[in-house]
Amino acid sequence: MLVVMQEGASEAQTENVINLLVEMGFTVHRSTGVRHTVLGGVGPIDDFDPAALEVIEGVKECHRIVSPYKLASRHFKPGGTVIKVGNVEIGGRQIVLMAGPCSVENEDQIERAAEIVASAGGQVIRGGAFKPRSSPYSFQGLGEHGLQLMRKAADRRGLAVISEVMDQTQIPLLSQYSDILQVGARNMQNFNLLRELGKVRKPILLKRGIAATIEELLLSAEYIMSGGNYEVMLCERGIRTFETSTRNTMDIAAMPVLKRLTHLPVIADPSHGTGKREYVLPMARAAVAAGADGLLVEVHHDPDHALSDGAQTLRPDQFTDMMQQVRAIASAIGRAS
Amino acid sequence: MLVVMQEGASEAQTENVINLLVEMGFTVHRSTGVRHTVLGGVGPIDDFDPAALEVIEGVKECHRIVSPYKLASRHFKPGGTVIKVGNVEIGGRQIVLMAGPCSVENEDQIERAAEIVASAGGQVIRGGAFKPRSSPYSFQGLGEHGLQLMRKAADRRGLAVISEVMDQTQIPLLSQYSDILQVGARNMQNFNLLRELGKVRKPILLKRGIAATIEELLLSAEYIMSGGNYEVMLCERGIRTFETSTRNTMDIAAMPVLKRLTHLPVIADPSHGTGKREYVLPMARAAVAAGADGLLVEVHHDPDHALSDGAQTLRPDQFTDMMQQVRAIASAIGRAS
Amino acid sequence: MLVVMQEGASEAQTENVINLLVEMGFTVHRSTGVRHTVLGGVGPIDDFDPAALEVIEGVKECHRIVSPYKLASRHFKPGGTVIKVGNVEIGGRQIVLMAGPCSVENEDQIERAAEIVASAGGQVIRGGAFKPRSSPYSFQGLGEHGLQLMRKAADRRGLAVISEVMDQTQIPLLSQYSDILQVGARNMQNFNLLRELGKVRKPILLKRGIAATIEELLLSAEYIMSGGNYEVMLCERGIRTFETSTRNTMDIAAMPVLKRLTHLPVIADPSHGTGKREYVLPMARAAVAAGADGLLVEVHHDPDHALSDGAQTLRPDQFTDMMQQVRAIASAIGRAS
Amino acid sequence: MLVVMQEGASEAQTENVINLLVEMGFTVHRSTGVRHTVLGGVGPIDDFDPAALEVIEGVKECHRIVSPYKLASRHFKPGGTVIKVGNVEIGGRQIVLMAGPCSVENEDQIERAAEIVASAGGQVIRGGAFKPRSSPYSFQGLGEHGLQLMRKAADRRGLAVISEVMDQTQIPLLSQYSDILQVGARNMQNFNLLRELGKVRKPILLKRGIAATIEELLLSAEYIMSGGNYEVMLCERGIRTFETSTRNTMDIAAMPVLKRLTHLPVIADPSHGTGKREYVLPMARAAVAAGADGLLVEVHHDPDHALSDGAQTLRPDQFTDMMQQVRAIASAIGRAS
């Protein structure tokens, strides 16, 4: 850690900061420059807030020079992590396709969805069982019954299942039916949930919050991993900006940035990333071209009558088209799909 | 609801949209213009996603003309809501001061904090008992013991207590010790938590998420109110923008905007809103000048040694100074403090 | 245009709005609903600010239903615009590559750059002659001499030239040497400049401002086109968000959004879009996969010693690699490069 | 400047960076830590891009430790700058009121505006003569005639004049009629304009760009000052965020942040900051409470018929009301108005 003192900071101020650093457990090296004194702190703790030092009298700025995450960093596992779910390998050469409706609505619907996904060559079916919506007056999901229907539809076709866990109380139920537990964008910093997921032996798909930086996403992954569960994949699903022609602004650069910073697989969700079905196909191509290891996409046999998220849900023909085009992109960059 | 058809939309497309609206329960009025056909839908449902209509073939755009929230709207209670907590009235003429440390650390610390708050004329003490932090390696709070210490310190001085509830499982415990239950920014759209808080008979302080619009904040308030708990106060604590000289950008305009849109009391949190203690005082003045009904502020007897959020926590003398200046502002705009 | 009156708006208020609309030149249709009265205005003017109506007493909201741009809209030329610059077609089947250094520094440097671009198969060389920098203490460009050097280097290899025009006084000079005139992000709403460019008979590359919406970008294109110059191409180069791991957040969805809204060619600039050279290659692939008609990229024979923008400038080997990969992506989506 | 090498950076990489720094003119101090080597560079140049060093092999991060602006920094003139315009002192104890219509429309209108401003106790009249609008089809201003009308109206009542200069060619004309030259948000980084304004002997009001950081605003002020014109005042007028209930999000914290970082006077523009007249009054109070030295506000005798910006323009009675309330706030914080 580096503390830069202000030009003209007094000796007493510098001493005070040194004492504070020593109290915090740092060994301090002092380097007196022409204009600025710089204090370098080496120590056992990585978890401190540079802002807390910057308000001390005489301090100009403070920089943390060790990443606040370790287990999630690329350094920790330079070769990259491959997560196996049945026969599916996530983070390997193949682009993995996870698709399905926003919510499980009934048996017919989820069976049709599974059929669409399987016949287009997808590997994982998605579907929400609990849908706490932003309006209190909406469809709230089928609960366990929905999970049962999705599991059956998946098993018939050899698909894996991913579904979202809304809070820590749902972990046991979701673990029973779902192969991958999804953490939604709103829960990215629900640390109670993350801590419990660290104890689970199921892969986690962790979505980036709509106002979360990439560093914060990695810190949330670290939270899970520090509990012992190293099978975390990260998902970019759009951040909030001033642009309104899409629901969110999909940060496609998060693919190469994450690939550089972490060894964990990276998934892209162009459905939530755009909010409009007509943009899902080009953004799926873009995400794969930028280095995504997989896609999470919403598809429904009749999206205009879907009970939730219809605007961003693909029709079956659009989905098949997307699969073909994504395959062509994957092959152009030396990957499979 | 108004659906504007595209220029040149076919009759079949228009018919299709009309049928869809009728299916959804709307009575439809059609108005054919020179360039655009406009469909007006009147109906029992207010909870639909205009985006879902905008992806239908031939539709140009769709506008919801009824607010998606009702109980929270100013229209519902034009005179404004005053929430009583013991002798304190929130939303009335007086500016209410809620202050205390980020976390309860030990008995001595919380007693000193209570003393600082009470002697400066504050009415409510704040303090966190559960601190799930963005790093898994940090101080996590004292739990129930912290609540007991804070309750005692408050009771000795006639203060009310506010503390944060992290998830629905903590509601019974928090309700036992705290007069006001705080919902943090990260939980603003934790709908399971909001639903349970609708059943509680304790006032709720609901913080705006860092990427939440004002409309979304009101919809979350509606969520709680629709469960029967009408005692909700709203808290602006900064949103995330590109500016980095402050931790967040405090949306001071949220004060007059909320005062216009809702009857609920509005509280400002300049500590989280700025992230730096030197800016808390001017932003507290600004918030009150803009119409805030109260302030939520962090204070500690020795913030440089606070276990969390030290950078944004006031020293005792700064707090006393703030109280005096806020009082002067309150009086300048015809309010008390 | 649609004006929705508030629930409970008085007859006098409604009359007042109708009179105002009539004064503005609208023919007004009134539709009285159960809760809301809606006024539809048809008229010759498309250029008014809905916000100005929303502050009138009794008005709930106002929606413009005609796009504020016409010449730039896809509707105006559904087949798309192809701009010819010498033998190069921009907006056609081929992905066009424009590349070169941030600034022209000297003859040797621009000759090398032209050689790199030409031998890798690029069609257009870029290079700045005027570099007004954010610090007053920096290299400010070679001016006309730089343009001469770049023109010579281009002519020797059959490349076209693109260079930035900083204000209207520079148009004659730039027009003498450059085939395409570039408008930088900071000038996207310099309406004096845009107006003059409408009178020029040179293609314009118009960059999106870092805080500009896609609609505003199109309105700026309209500005130029309304002066008679229809050869405008649009360039996405990143917008400003809270994310700091890249200099800007490249809005890759702008490709399909623009392709839908306008007939004008769309170019992507992954150098400014990311600010870091290691992310230029994957983002170039992504932009083409999402539908870009061309790329604008910075390359230098020795970027670590470039006088400006070195961080985002490719080395020659990285540029050649990018060209090959972009070609593979182009071919995967049925385009050429 | 501090360069932190990556953990495990090779000796050759470190040597390479040292050589590069020496080439750039820095004297380098090397400090080898347990995990990281840190290079401290001291040198004559302050204008370099840390990003350019961060892409060098082996570099983890680079921090500039000297502010990129000097003349604008508080350090340069700790007591603060007071700018005199006739009898008006800007940056002193008094809160200065600058007000008037968005555009000068005709003699009657500007005379009435001047009357409103003067009789309410304002000191400066504002009004635009050149209005290049975001649509090419709008009212574009009266030009020099407008300036003449405004000057006459001002002189009759002893008001000073402020008006916007759109590009460097307009400087002579504007200087003839206007006491203060305003640089609009879109021109904050028009460096050609800023350079020319450095040669002028008129005070400048520099508006913050809608996506500009506070540091960038200060760097633009530095640009002007480095040319010899030290009379610069800074104006916060709202930044662009995802919130849509106001046209911009007014960054009220910019007041105390600027007061800490610079000695230049700080003005707030709640008209552009909110875009809606009903929010101008509370935001004017907030800005003054937060430390603004003055306000820039739009007022018109009949804003519903104003030719531009009517939505955010105050009616005369609202303006008078605002003046009284601002005076009360000013007096509450020990200032005059």
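A, B, C and D label the chains in the order they appear, each numbered from 1.
Operating definition for what follows: a contact is a pair of C-beta atoms (placed from the backbone, for glycine too) under 8 Å apart; a residue touches a chain by one contact, two chains touch by 3 or more.
These numbers were taken from a predicted model, which means no experiment stands behind them.
K.L.:
Between chain pairs A-C and B-C, which one is joined by a greater number of C-beta pairs in contact?
P.N.:
More contacting C-beta pairs are found at A-C.
K.L.:
Starting from the Cα centroid of subunit A, hunt down the chain whose centroid lies farthest away.
P.N.:
Most distant chain from subunit A: D.
K.L.:
Averaged over CA atoms, how far is the centre of subunit A from the centre of subunit B? Could you give it in whole Å?
P.N.:
Chain centroid spacing, subunit A to subunit B, equals 26 Å.
K.L.:
Provide the C-alpha centroid distance between subunit A and subunit C, rounded to the nearest whole angstrom.
P.N.:
31
K.L.:
Based only on mean CA positions, could you tell me how far subunit B sits from subunit C in angstrom?
P.N.:
39
K.L.:
Return the residues of subunit A touching two or more other chains; collapse runs of consecutive numbers into ranges.
P.N.:
Subunit A, residues with two or more chain partners: 211, 239-242, 244, 278.
K.L.:
Under the definition above, what is the set of subunit D residues touching subunit A in their complex?
P.N.:
2, 4, 7, 29, 31, 33-36, 38, 40, 42, 60-61, 63, 65-66, 75, 240-242, 244
K.L.:
What residues of subunit C sit close enough to touch subunit D in their complex?
P.N.:
20, 45-47, 49, 51-52, 54-56, 68, 132-138, 166-169, 186-187, 189-192, 194-195, 209-211, 216, 219-220, 222-223, 226-227, 239-240, 247, 275-278, 304, 309-312
K.L.:
Which bits of subunit A are touching subunit C when the two form their complex?
P.N.:
It is residues 211, 213-215, 239, 241-246, 249-253, 255-257, 260-261, 273-274, 278-279, 282-283, 285-291, 325, 328-329, 331-333 of subunit A that touch subunit C.
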